[in-house]
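First subunit A sits with subunit B, and in the next complex the same chain sits with subunit C.
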Partner chain A sequence: MNCKIGIPRALYYFHFFPLWETFLAELGFEPVVSPPTNQDILQRGLSTCVESACLPLKAFVGHATFLVEQGLDLLFVPQVISVFRKEYTCPYLLGLPDLVRSYLPATVRLFSPVLDARRGKGQPTFSYLRFGLQFKPPLQAFKAWRRAKAVQDELEKAQQNTNSLPGGLNILLLGPRYLTDDAYLNGNLLRKLEELGTGVITAAAYPDAITWPAARFLAKPPYWTSTRRAVGALEQAINRIDGVLSIAPFGCGAHAMQGVLVGSRISGSKAAHLQIYLDEHTSPVGLVTRLEAFCDLLERKMSG
Partner chain B sequence: MRLASKGRPVYLGIDVGSVSTNLVLLDGEDSRSSLVWKKYLRTQGAPLAALKKGLSLIAEEGMWEIRGVGTTGSGRELAGAMLGADIVKNEITAHATAALHSDPTVSTIVEIGGQDSKLIVLRDGVVVDFAMNTVCAAGTGSFLDQQAARLGVPIENFGDLALSSSNPVRIAGRCTVFAETDMIHKQQLGMGIPDILAGLCAAMVRNFLNNLASGKELRPTVFFQGGVAANAGMKRAFELALNQPVHVPDHYDVMGAVGAALLAKEELEKSSGETRFFGLEQAVNCDVTNRTYECRRCPNNCEISEIWRDGAFLASWGSRCGQVGTQHGS
Partner chain C sequence: MKVTFPHLGNAYIAIEALLRGLGHEPIAPPPTTRHTLELGSLHSPGELCLPFKIVLGNMLEGLELGADSVLMIGGWGPCRLGYYGEIQRILLEALGKRVEFITLEVPRGSYATYFQRFRKLAAARSAKALLHGARLSWAKLTALEGLEELALKARPREQISGAASRYLQEQLARLREAETVHEVQQIVEEAEVGFRAIMGPERAHLLRVGLLGEIYTVVESFANLGVEERLGELGVEVVRTISLREWVENHIFRKALGLYSLRPLRRLASGYLSGFIGGHGLESVARSVALARQNLDGIVHILPLSCMPEIVARGILPRLSKDEQIPILSLVVDEHMGESGFQTRLEAFVDLLQRRVDALGKQRSACLSGN
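Right after this comes the complex of A and B.
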């Protein structure tokens, strides 16, 4: 069996790509990942997807339709309900496979294992294994999953490097991975921050084992994993950074809560906070103005 | 400069905005850098033409020797490349610099321009926080312009008419599209134009404060600047909402340009170097062209905008990968 399977380079791909790509390859598929978001892909999503969806979700639909147009009739779109106990992903993502299916021809088949860590820490593992058993005998499926998990763990460990702050201006970048890691959607934010001479650290640098206890000071635990990770990472990093930059898709409900939590925590500290909302704008002028002004502010604050 | 200029030394500040292009000259010898000349021009979608017109007005007077140039505004890169500016700065820093120069005790700056609105919070002369309108131009000068035109009120009379209202109507301020619907409904109920305009001012201020000021402490002294500060109705609406006096500085309409000139002066004093300015005569007489095309090298299809001066390539913008533009070399 050497069957091609498409993986859209969007949303939870940025969290789980080592696991997904390795696992599917080990199961005998040939994973085909769509190229990094570009104008053509985003435009497909914008013209297809429901108007009220957020930018990254529209981009996902663009990636999926792009893959289908390349002749792929199998797509890997897991239904990510929860990645951590007692927490959810956002409501749009809960129903992702159903939403995407409605925009694709009926001949396209989606593989959508359900990942729901609320039902138990081991649930995602079982779900992956059950998926693998459709194609391989039990021992081989288990070995495939174990190899994939090892690759995933290795990458996550490599990202958990909090010593990478170079001095000068240090910024904690908070926002969903599918924005911080997608250079097209975020308007090349990371390169601009680098040009402005800042050191950047993201919430990915802190594992759940650190952010979960760190966020426990909140009166009520947040529903959303991304919010808890952001608040926890801020709590850990707050004394080592000069500013916090939050990026979010325009109209994101989960972020509305996070912005308030981050803002209130920052207001008592020496750091400053800037929120940036991303949407379909094709001109980077607005983004650049905000980033430059933010860096000016941090510099003047430091020197005076 | 090639000409043996014996003019009065000045620093030129330029703010190329969406609606207006402003030029100011600050006295280069006076330690207080007082403003000696200013011009407010409508951009009308052609920033280069507006800029050249402004420069030719300066050249015509023939009495200024330009020591340094600073640019700001959304067209700052374009203007900076065309003229050889000594500093190209964002509007927030420029506005804060100008306000602090006119009053060191300023703690809050409200700035409403053509497509931007900004709130800048300062403490002890340092910017500590700022906010800008999020993704659309709702609640900015362009909308006031548009509504004034729809009601047949010249924008210059807007403020005074709003002030004459005794009973402002309530208008939804969340979004300007909603606001327009609401205004039309009230107008069709026979409510007077002054009351509608005053209601619109109050709605815009509510919108501004809800969007930009939540969680921020707005301490005195409060400055209100930008083109919209000309509107006395808006000023009064801010005073009522903030419950404290709001000051509109003398040169409220060109504060960005003043800030750019001050920053240019600071920059040249720091480096104690010569200005990189192309020269007034040269800038007025040169042939500047703008070329825009869609790059086809990759699926991003970036819109590349290039600027050429007398047949020589100066700069380009819009490339996401950074590879286009550098091909021309220097």
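Right after this comes the complex of A and C.
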């Protein structure tokens, strides 16, 4: 058995790609990942997906339809309900397989294991294993999962590097991974920050073991994982940074609240906060102007 | 304590009774107006949804009337509503208001915290007074929803335009003053007769339209620009699928006891949506299927701009509409809505439904004459 399975390069792919790719390959599939988002792919999403959806979701639909047009009739679209205890990802992700389903021809099959870590890490593991058992005998499925998990852990550990802040301006970049890691959607923001000579640290640099307790200073810690990670990372990094840059898709409800939480935390400290909302109409030029102005502001603040 | 609370349709009648029973002085904010919304929008992050802004406006207006605490509901996701109270607390604090927030939610942790919160809320009154308050409040909630349902039936059949809505307002005002459960029951019984008097003779075919969507925008008539009245005046009987009473039963009592099950909804929605997506998203999809199977003529789906669960539902509804053969109108509401555009869309939808019914009727009679 060596059939191709498509993985859209969008949303939680950016969190779990080592695990998903390795796992599917170990199970005997040939994983085909869609290319990095480009105008053609995004355009597909914009013209199909329900109009009030957020940019990354539209991009996801674009990636999925792109893969289907390449002749793939199997897609891996897990339903990522939760990645951490007692927390949710986002309502869009809860309904993702059903939403994507309604935009694809009926001949396409979606594989959608339910990943729901609300009651602990056991459920996703179990869910992956059950998925694997459809294709391989128990021992092989278990080995496949363990190998995939090892690859995933290795990558996560490599990302958790908080010492990489050089001198000069240091910025904490907050935002969902599927925006910060998708250079097309965020208008190549990281490169631009680099060109401006700022040191960037993202929430991904802090593991849950740090951000979860760090977010406890709030009377009611947020129940969306990405918001909790952002608030926790801010709490950890607040003394080492000069500014906070939040990027979010336009219309993202969790981020509007994150803005309030971040704003109330840094009020009184020396850090400044810039919120950028991205949608399909965002121009890269305007983005550069705003980043430059923000860096100018930070520099002026620093020099007193 | 002087407690204020956000408006949610006519629920203030029941909330007042509850707070009185608990030994507090309820301070109902003035009816929601454009000013409320502007006040709320001024102090909210722009990206938050319409309900957040109206609710914050209500709180601010309530505090202006001298309230010192705010009653709000909370939750633990994934819908944003659960976190609104917390954000509103932070925003009000930043505005320099000294407010105590009483959040009604299933607490994280033990039942002891549940009990502690309840103790804090129940301001040293006798058990008898508490019980009376709770019973009265429940009776009023049931009654006010009963009255509203009667008005939904009466509006398309009324002889004098606007009579049903006026009568409803009168009865609600009486209900607000009622002090015993017996009085409440009497009001409902009288209203049944009263509404019947308003209605004219039965029409041949009355269009019936289901109303569903995000609970706040469906229940709060300011947020949906009075969609129930508008449809009623266009001669359409509105079938409600959302009831506050049911919401309280399911989400406060049953959930706390672990008795709430989504299975019936999931069964209805199967093939379209596999499970809970937060808010009323699953309900919207499941109830659309149910309404289609009850042979309703159409569905109006209301959602606030950027409401994530309802956007997922909205993405799925077109397919459902095709498969189940029922026209669905999705209306997105936010603070920039214009009344006339809204009215035009409703009128166009009702025209479409009427034409569809006529065409189907002709088809049917053609079949019969062909026999």
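In the analysis below, the second predicted complex is superposed on the first by the 301 of 304 C-alpha atoms of A that agree within 3 Å, B and C clash if a C-alpha of one lies under 4 Å from a C-alpha of the other, contacts with A are read in each partner's own complex, and residues count from 1 in each chain.
Convention: contacts are C-beta pairs under 8 Å (C-beta built on N, C-alpha and C of every residue); 3 or more make two chains touch, one makes a residue touch a chain.
On a predicted model such as this, the values are computed, not experimentally measured, just so you know.
Visitor: May I ask you to decide whether A:I41 touches subunit B, subunit C, both, or neither, giving the answer as first, second, both or neither?
Guide: first
Visitor: Quick one: is A:T282 in contact with subunit B, with subunit C, with both, or with neither? Answer first, second, both or neither.
Guide: Touch status of A:T282: first partner only.
Visitor: Which partner does A:I238 contact after superposing on A: first (subunit B), second (subunit C), both, neither?
Guide: In the superposition, A:I238 contacts neither subunit B nor subunit C.
Visitor: Based on the superposed arrangement, let me know which partner A:Y92 touches: subunit B (first), subunit C (second), both, or neither?
Guide: second
Visitor: Looking at A:S52, would you say it contacts subunit B, subunit C, both, or neither? Reply first, second, both or neither.
Guide: After superposing on A, A:S52 lies in contact with subunit C but is clear of subunit B.
Visitor: Applying the touch criterion given at the start, work out whether A:L297 contacts subunit B, subunit C, both or neither, answering first, second, both or neither.
Guide: A:L297 contacts subunit B only, not subunit C.
Visitor: Taking the superposition as given, does A:V33 touch the first partner, subunit B, the second, subunit C, both, or neither?
Guide: A:V33 sits against neither subunit B nor subunit C.
Visitor: State whether A:L190 touches subunit B only (first), subunit C only (second), both chains, or neither.
Guide: The answer is neither, since A:L190 touches no partner chain.
Visitor: State whether A:I210 touches subunit B only (first), subunit C only (second), both chains, or neither.
Guide: In the superposed model, A:I210 contacts neither subunit B nor subunit C.
Visitor: Residue overlap on subunit A between the subunit B contact set and the subunit C contact set?
Guide: 250, 260, 264, 277
Visitor: In their complex, what parts of subunit C are in touch with subunit A?
Guide: 45-49, 74, 76-80, 82-83, 86-87, 89-91, 94, 108, 272-279, 281, 305-309, 311-316, 318-319, 332
Visitor: If you look only at subunit A, which of its residues touch subunit B in the complex?
Guide: 35, 38-41, 183-184, 188, 191, 250, 260, 263-264, 267, 272-273, 277, 279, 281-283, 285-286, 288-290, 292-294, 296-297, 300-301, 304
Visitor: Which of the residues in subunit B come into contact with subunit A in the complex?
Guide: Touch residues, subunit B against subunit A: 74, 89-93, 125-130, 132, 134-135, 215, 298-303, 318, 320, 322.
Visitor: Give every residue of subunit A touching subunit C within the complex, in rising order.
Guide: Residue positions touching the partner: 49-50, 52-53, 79, 86-92, 94-95, 97-99, 102-103, 218-220, 222-224, 250-257, 259-261, 264, 277.
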